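Below: one structure in structure tokens.
Order of writing sets the chain letters: A, B, C and D. Residues in each chain are counted from 1.
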């Protein structure tokens, strides 16, 4: 999306910091797919894919890809010890049953109440929801990783989503190229961190929503 | 149930004659379990069990039983080539999806319209329906094998079942120790065969229901 | 697999999970495949007023029957109690409330619970007074269906042939039966297994129950349904 | 296993099963695991006005996309068409009616069809205008659920790694995906497989789709999704 690789990696690294050892995690395509690179080596994390895998490992080296071992985005992956295969119904059963601790995904818009809109731009882009609705609604924690603004410079964090929703009040955390926001039960959208060299003012200016400031905003 | 083994085998043999090669068949306990003994050796029949087996073979010889390979009645069985194991949900999915061509089971009462009552005697015997309701309602063909009369000499074929029903209008054929009846769409209960040395009159006397007589009743 | 995902436990470590009045779901079919070591532990702990969910009530001294027969159960959702005459007697005496569910529908209700679905539609025994009692109905176009609600439990206990330390399970022949279903439907699932193996020892393709559904793994002290038919 | 249960067929023997306007369900996820030889046969036969049910529309020249891209499909129930821009264009042009279903709910609707259940209850996207359009609702106590009806098809086509001649199927890694579900939901199911083996060659425990669900077995001429990601 035009972001420098350093920025993308910073966002992925920040998302990775939310992962604890022992978690079951589902990653969307794009920046979320960079998250595993930023995990401690001794972490035990089981990565889940909607097509029917738990325990995905890194992409195999070029030439060693297996056409029958792909993630939900169709990209070649590998399997760690303890991983298994199953049908897609079971893959989503895990999600609905609350066995997926965390999902990290991209979005078009996020509202100040945690509504997520990432599946359709009416009249323009109609890819379909895929597994996004189940993940957004049922993963125990939902982290959105996206640009602060769209290509027209408009804030992707909004008071109310103008695009059709994927799910309501589901997002727990938003990580952009400029900042980290939490959607808190009582306070709504709260700015927690600002990525240097950005400033609070810059972030607020490009956030088209009601934002509270955390007591101690971290500059990282 | 007090029937001589010869009589029981005659009933089982008659039921076996309804099986065609290639069928998927579910057998109840009691006389139906004798049915496989009466099939031609070159027949390919896949026997289905509700706990989660298709392709059951004969009981192993004494001492070779496997405690983890039992039919739905808990009796040790074996597995033929091509057989497989699955969970009980899938076992009943096969039944509901119409993949079980034939079920042969015992009963307490059968009505002249094919109602089946074989799961409960209120206040006396309350075993529960087990899988009988699904089998009766969804197997493509239902054959009941039972005594013509109960221990008090009362007909078990009745105008209307006095016992709670397992399923309505589901029985296609009734094989008793005296005769073979079909439940036909337009004619209702029709007597087709009489087992020697019984006579039509004897059978009708012990059948407490409206019975038509087939054009050519077979005496076998 | 690293320590964070190692779920092997002792009976002592799971004992605190059992409590009076808990909803307990158990795998097995006619006693075959019901976890005997866990059932014995629950019996020994003496918890009562249990609400059970399972295929049947086993035999008086085999499977869940060991607990049912002691009058420790107040309510059960099941499809069959015929192999345990004590269960029938308790029911007749009004000491055990039994909700009968057709066997395959019961299996699907348990699966729905495990799969995070609120329920299923059914046409099985839809005109049956006993089965439809208290149930909701649903019109779809011109057809009418019964709603069979999903079942979950505080604790689910299952039996498997092997587990790796992450809790991936494989089962043995027809002892699989309702175990993979119950394994998914417990808020907490405890698997008693014949053999515990290191992660990586099970083939990825042979795993029936993925370990995410299993919370504790217990080494079985041996099964009790051998020659239950004798 | 004897001849009566041998389901191995040639493409020519199944060709007559395909007809204009048929409901066609297909296994696969993003093209991976969609049966290429059967899809090519359907394309060659030239049937049209198809009603499709499947996870996605593949790529323009991979998987079911080969048929969708030719405008042979009038209606599809699916969760995603993003990897096939031609499908999106046909939809925008009003030449392809698309009913979007959340991916896991679509999988469960297909499974319900295969399991002979009329439908499931769902709380997924229950407040979503697009998903709830035309659907029935159901009150259970104080809760409100959406009814998601079961899906079956005239013909279901699936891809498997191996079949024995009875039609028992095993799958390869993530190419399993929706194939076991679709295999059960076809009124007629045709399995395209990489390898056909004699009955008895597959271990009873490793079989994923029991042969009772499969009507015809076709030898695959090779897959087309290799390096779909490139």
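Going forward, a contact is a pair of C-beta atoms (placed from the backbone, for glycine too) under 8 Å apart; a residue touches a chain by one contact, two chains touch by 3 or more.
Quantities reported herein were computed from a predicted structural model and do not represent experimental measurements.
**Student:** By that same contact rule, can you tell me which chains touch subunit A and subunit C alike?
**Tutor:** D
**Student:** Average the CA atoms of each chain to get its centre, and name the chain whose centre is farthest from that of subunit D.
**Tutor:** The chain farthest from subunit D, judged by C-alpha centres, is B.
**Student:** Counting C-beta pairs in contact, which chain pair has more, B-D or B-C?
**Tutor:** Result: the pair with more contacts is B-C.
**Student:** What's the distance between the Cα centroids of subunit B and subunit D, rounded to whole Å?
**Tutor:** Subunit B and subunit D have C-alpha centres separated by 36 Å.
**Student:** For subunit C and subunit D, let me know how many angstrom lie between their CA-based centres, rounded off.
**Tutor:** Those two chain centres are 32 Å apart.
**Student:** Hey, how far is the Cα centre of subunit A from the one of subunit D, in Å?
**Tutor:** Each chain's C-alpha centroid was found; their separation is 29 Å.
**Student:** Please list all residues of subunit C that touch 2 or more other chains.
**Tutor:** Within subunit C, residues 108, 115, 117, 123, 171, 173, 204-205 contact more than one other chain.
**Student:** Which subunit A residues sit where two or more other chains touch them?
**Tutor:** Only 79, 85-86, 89, 92-93, 95-96, 138 qualify.
**Student:** For this structure, enumerate the chain pairs that meet the touch criterion.
**Tutor:** Pairs satisfying the touch definition: A-C, A-D, B-C, B-D, C-D.
**Student:** Touching residues of subunit C toward subunit D in the complex: what are they?
**Tutor:** Result: residues 108, 112, 115, 117-123, 136, 138-140, 143, 145, 147, 149-150, 170-171, 173, 204-206 of subunit C touch subunit D.
**Student:** Help me check something: in the complex, which residues belonging to subunit A touch subunit C?
**Tutor:** Where subunit A meets subunit C, its residues are 21-22, 24, 42-44, 46, 54-55, 79-86, 89-90, 92-99, 138.
**Student:** Where on subunit D does subunit A make contact in their complex?
**Tutor:** Counting only subunit D, the residues touching subunit A are 29-33, 55-56, 78-83, 88, 91-92, 98, 100, 102-105, 107-108, 110-111, 123-125, 127-131, 161, 171-181, 223, 225-229.
**Student:** Which positions of subunit B touch subunit C when the two form their complex?
**Tutor:** Where subunit B meets subunit C, its residues are 49-53, 65-76, 79, 85-89, 91-93, 95-96, 120, 123, 125-131, 133-134, 137-138, 164-165, 167-168.
**Student:** Can you list the residues on subunit C that touch subunit A in the complex?
**Tutor:** Residues 1-5, 114-117, 164, 166, 168, 184, 199-200, 204-205, 207, 210-213 of subunit C touch subunit A in their complex.
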